[in-house]
Amino acid sequence: MRKLGPWLAAPALVTLAVLAAVPIAGALWQSLFHETSREPARFVGLGNYVQLARDPEVRNSVLFTLQFVGTSVVLELVLGLAAALVLHAKFRGRGLVRAAVLVPWAIPTVVAAWIWRYVFDDYSGLMTYASDVSWFSDPFWARTIVIVADVWKTMPFTALLILAGLQTISDDVIDAARIDGAGPWRRFVHVTLPLLRPALLVALLFRTMDAFRVFDAVFVMTRGKSGTSVLQFLGYKALFDQGNYGKGAAISAVVFLLIATMTVFYVRSVPSRLMEADR
Amino acid sequence: MRLEVRSARKRFGDTVAVEDVSLRVAAGDFCVLLGPSGCGKSTLLRLVAGLEEATSGSVLVDGEDVTRMEPGDRDVAMVFQNYALYPHMTVRQNLRFPLEMRKVPDADARVRETADLLRIGDLMERLPRELSGGQRQRVAIGRAIVRRPKLFLFDEPLSNLDAQLRGDMRAELARLHRRLEATILYVTHDQVEAMTLATRIVLMNRGRVEQEDAPEGLYLRPRTLFAGRFIGSPPMNAIEGVVTRGKFEGAVSWPVEAPDGQSVLGVRPEDLRLGDGPWRGVIDLVENLGAERLIHLKVGDLSFVARAGPEGTFERGAEVALKPVRVHVFPA
Amino acid sequence: MTRVAAVVLVACSVAPFAWFASASFKGPREIAQRRPTLVPLEPTLDGYRGAVDKGLAGWMLNSLIVATATTLVTLPLAAGAAYALSRTRMRGRRILLGLVLAASMFPQVTLAHTLYGMLQSVGLVNTRAGPVFPYVSLTLPLAIWILASFFREIPAELEEAARIDGAGPVRTLVRVFLPVAAPGVFTAAILTFIYAWNEFFFALVLLTGNDVRTLPPGIATMPGQYTFPWGEIAAACVLATAPLLAAVLLLQRRIVSGLTAGAVKQ
Amino acid sequence: MLRIALAGLLLSLPQEPAPVELHFLMWKPHQREAWTRALRDFEKLHPRIRVRVEEGPHSSSELHAMLVTKLRARDPELDLFLIDVVWPAEFAAAGYLDPIDDLFSEEERKRFFPGPIEADTVDGRLVAAPFNVDAGLLYFRKDLVKAAPETWNQLAEQAAAITARHPDLFGYTGQFDRYEGLVCNLMELIRSNGGRMAPSLDERAEEAVAWARDRLIGPVAPRAVLNQRETESREIFLQGHAVFHRNWPETWKIANDPARSKVAGRVGLAPLPRFEGGRSVSTLGGWQLAIASHSPRRAEARALVRYLAGFDVQKRLTLETSHGPSLSAVMDDPDVLARFPHFAEMKRVFFAAEPRPRSPDYAELSDRLQQTLYAKLTGAEDGVAVLPALAPMAVLGLLVFYLSRGRRA
């Protein structure tokens, strides 16, 4: 079976090359041309990127995307950690609680977007009991709601990753700390947290990459208005609404490069052991 | 059935696991590959099994070269350290599997016979996770026996069992070896298992054969200090010194028949007699093991261990005379 | 204390969906009312009937077809690669796994344009087969990662025992390896299916005809020319989520182990 | 040489032409039977031509995406199709449309409403034929409003007076969500103040937008309109919660349908108000018939265009689907007026309907316009301050640094 290795891996790797690597290369190449549904392709080198840099809508989109990623990932980590601690505690009905926590993760993102749009609907939303603010037309609230929807939807995923980390910590280490007189808080800070580092890092890595790819919530809830136009949405609009293929390719290249740099920055800092592949 | 290994070598990258090993196992032999962990004994076993390919050298079964042959075609059975029972199959299916692979006609009869032999008849419909360590071990052995192979390979089969169970299983293995007149190649780091089970022991160290001999031979006539100290526990006392014209001079001196030159005098704790003799030692510690006592004493700045029966009083700090009844000399 | 925290956690997780589900049973008048009622006063199935009229059944069937097709294509590819990456001492294994992990990071929009052109040239735009291609490339990395983690947990002695028992490579794979790896394969299949069922970007871009649309684009573009049917949208959302909820509640342990497989090394 | 000439001759002999299948792509019709009957009659007139209809998605942006895909790929299964009134410039620039100047004489073009013809003429050439017309209209509660307001300020005053007596009513609802509808609603305010939207908002345009922000949304219309489109804003009028309401012609039928509207029978119709010194302007909508430049069946497609743009078919479809015809004469027809008395009022509005700013890059132009107008209306800059945007990322970076700093666990 040893010699079969390369043959077994080949089909998957070829698929990935053709359906992922080639399109990425295509996008990067396409971003060097000015092409629209009305005009043929014309080489402009980095012209598209210069235009993007000068376009305030793109500037706002990059900034909001970063704000979105930062806020939602940090919130998900903190809430996820809290949820994981609750799930890790021993009490009757724990399985039920875990199932309930999984519900948001299982829900399609489009559905989650509709839910929160209905909660915050000006006319017939739940929040009309709270105040008459027209939520989605106010940039601050529109952005907050998009982040809340994402945190609500994916916090369970982070919680599960951290819970897995918690479960690898053997109870007798915690007992030892208890015997050494460490109170619950100090046990958490000096024993649990340090041992949770790998799990927290992996959760951060996965979630940051995913957060950059936000699109569904913005499309359904706000269609990018009130400053919630994330990069993927901007790329979608340029490519499929405005038929500006050069601009769309350039935006999608920016998204890709942002994620690539984050990945390199992360992979260098995540303990290589996690990336360990061989036995 | 005759197994022969001719100057086998195995390298993993730049580390050499087995270095030019040759050995012969006759039919009915219980040959034990003994040595510390990392000495290459398991790798050698896997070479014989065909799970690893020799970098050079060859393996012959009944004179037939099987070096490049698939494990399944070598008519060889193996019992793994972690039993390697198929978790999704019941005991019966585990036993039947090798027979199915070979399309053996009287499979059910052989399975029943093996189950009776190993007294696991009542476990047949259970899954491996529902068995105890000892039961799993017995089923693993059953899966080897049911095939009636030319050669049985054991890879430290008892190391996962507790002391009590290990003793029982050792007796069981010895009984099976006699009943089946099986030819066995057995790997262990436990010298007690080697001494009790083996008809021949191959002591290995850092990929090479240190010494190959019957158990008594290895115990009585160790050829190197390593062999001397590996067999017997607590290990043989070793005193550095020099031999000149039939007399060893070191922290102690004793007449020996050995070539002149730097040497090491080896004395087993059980070969030391306390009470009289030219050597003087001060008792440092007395360990009471019930049936016997281990007396730790200082001779000059050397520390010795001697074995004594339950009688006799030995006080810490007391001075005592002692002499060896047998010595071994090894070139340094 | 943890008991209170657990209640809060459950409430926050389930309440929003529960409220939206209750909205799905409200009639058009009650739902469009200012400051809606919490529980439907006059429950009715109009929402569900309306959603079905809009083509929900078709969307659901399309989602099922696309998700199943994706899973059936992704799993064998992933199993092969995962086996090679975790069981054989293939050269360059670590780099390949790193590449595979990187492949799961690609944003959809970057793939979109060229992939759209490729699919268009073979006439696969606006067909159910269309989205399967991007879905496979997006689910492969996750599936490989999960399967590799599961395969790594299977002791090598099992295969060696089978080889010694005389089973050839194929029989070893079929009779010994796959049955033992089945739970892992099943978990990877569920997660792949759920991803394909939930995916929105490519479904929106590649499936414009209402007869081939899957659930996400169908639901997202439900507000039509004439009505903003909150009742129908809520109903469609409930029906779109039902199969997933069932899967998650029934296979919770499996899904959890899949999600955390390998993510955290002992 | 002779043989080639002969072969050429043979080919051009009038043989019995083979039957042709014409592919017509349109949106999902509301009264499909009316369309089917009209097309079957066309096939009777032209036995050689079969018409195969493909129904695209209803939303115009999705139909746009589908059409561009097919046209870029020169899809053989596309001969005739419907395009929105704002697309001719883009599609003509891309070379997708087969000009049809020769199909309608100067005289015949005059029989269409001027707005659509203007929208369908690109660089002086007629590239599409108007099929139906939409225009912004003012709906109001006849039982509450004595006479429709002439000016926007009058509307505000009347609304204030009425809502004072009926506190549960809103004064006005319209479409002010950030989408194409916002451009239509605000164009009607801006143009009726004599302002211009393209290439940028001029001073009178800014005035009109300011009026909408300060005097309309909030005091008269609920702020919710900033998140509402045609359907949500109409629902409030149908539930009887609004005095005035701006929408397209099809709202007339819905508002008078008792099954769906609480105000059926109490609905008035009028041209949209204007600012002092301006004139009432409605944004032009509606669909045009266009022929694919790459289609080998252009001759047959032109026959179908003439048929569908002809008086008889326009009249029939208007009667059966109640949409606004593109030929003005149809709205004077006694049978039509008998059926739809409100058409008399609507006709004046259709004549005053103006196309939106025209450009080959309309989608981008409209998107930027929506951005600017929405920011002005909500009074909130979309801009993201750099600091609050990067702060969370900094926290994230610190977290990663802290978590990875420890000894390789």
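When the chains are written out, they are named A, B, C and D in that same order, and each has its own residue count from 1.
The criterion applied here is as follows: a residue touches a chain if its C-beta (ideal position, glycine included) is under 8 Å from a C-beta of that chain, and two chains touch if they have at least 3 such contacts.
Note that the coordinates shown come from a computational prediction; the quantities given were computed from them, not determined experimentally.
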Item to complete: Would you mind naming the chains that touch chain C and likewise touch chain D?
Response: A
Worksheet item: Using CA atom means as chain centres, which chain is nearest the centre of all the protein shown?
Response: C
Discussion item. Can you check which chain pair, A-D or A-C, has more C-beta pairs in contact?
Written reply: A-C
Item to complete: Taking CA centroids for every chain, report which one is farthest away from chain B.
Response: D
Worksheet, complete the sentence: Between the Cα centroids of chain B and chain D the separation in whole angstrom comes to 91
Response to the item:
So, in whole Å, the Cα centroid of chain A is separated from that of chain D by 37
Response to the item:
Note: chain C sits from chain A at a C-alpha centroid distance in Å of 16
Item to complete: Express in whole angstrom the distance between the two chain centres, defined as the mean CA positions of chain B and chain C.
Response: 55
Discussion item. If a residue has to touch 2 or more other chains to count, which residues of chain B qualify?
Written reply: none
Worksheet, complete the sentence: In chain D, the residues touching two or more other chains are 65, 232
Worksheet, complete the sentence: Residue ranges of chain C touching at least 2 other chains are 32
Response to the item:
Inter-chain touches occur between A-C, A-D, B-C, C-D
Discussion item. Give the list of chain B residues in touch with chain C in this complex.
Written reply: 49-51, 70-73, 76-78, 80-82, 84, 86-88, 97-98, 101-102, 143, 147
Worksheet item: Which chain C residues qualify as touching chain A in the complex?
Response: 2-3, 5-6, 9-10, 12-14, 16-17, 19-20, 23, 31-36, 76-78, 80-81, 83-90, 93-94, 96-115, 117-118, 133-134, 136-138, 140-141, 144, 148, 152, 156, 159, 169, 172-173, 194, 197-198, 200-201, 204-205, 215-216, 219-220, 230, 233-234, 237, 240-241, 244-245, 247-249, 252, 255-256, 259-260, 263-266
Practice prompt. Using the touch rule from the top, collect the residues of chain D that touch chain A in their complex.
Written response: 61, 64-65, 68, 72, 90, 93-94, 177-179, 222-224, 226-228, 232, 236, 360-361, 363-364, 367-368, 371, 374, 377-378, 380-384, 386, 388-396, 399-401, 403-404, 406, 408-409
Response to the item:
Contacts from chain D onto chain C in the complex sit at residues 28, 56-59, 62, 65-66, 69, 73, 229-232, 235, 239, 250, 254
Worksheet item: Taking the complex as given, what residues does chain A use to touch chain D?
Response: 36-39, 56-57, 60, 63-64, 66-67, 69-71, 73-74, 77, 121-123, 132, 134-140, 194-195, 197-198, 200-201, 204, 208, 223-227, 237, 240-244, 265-266, 269-273
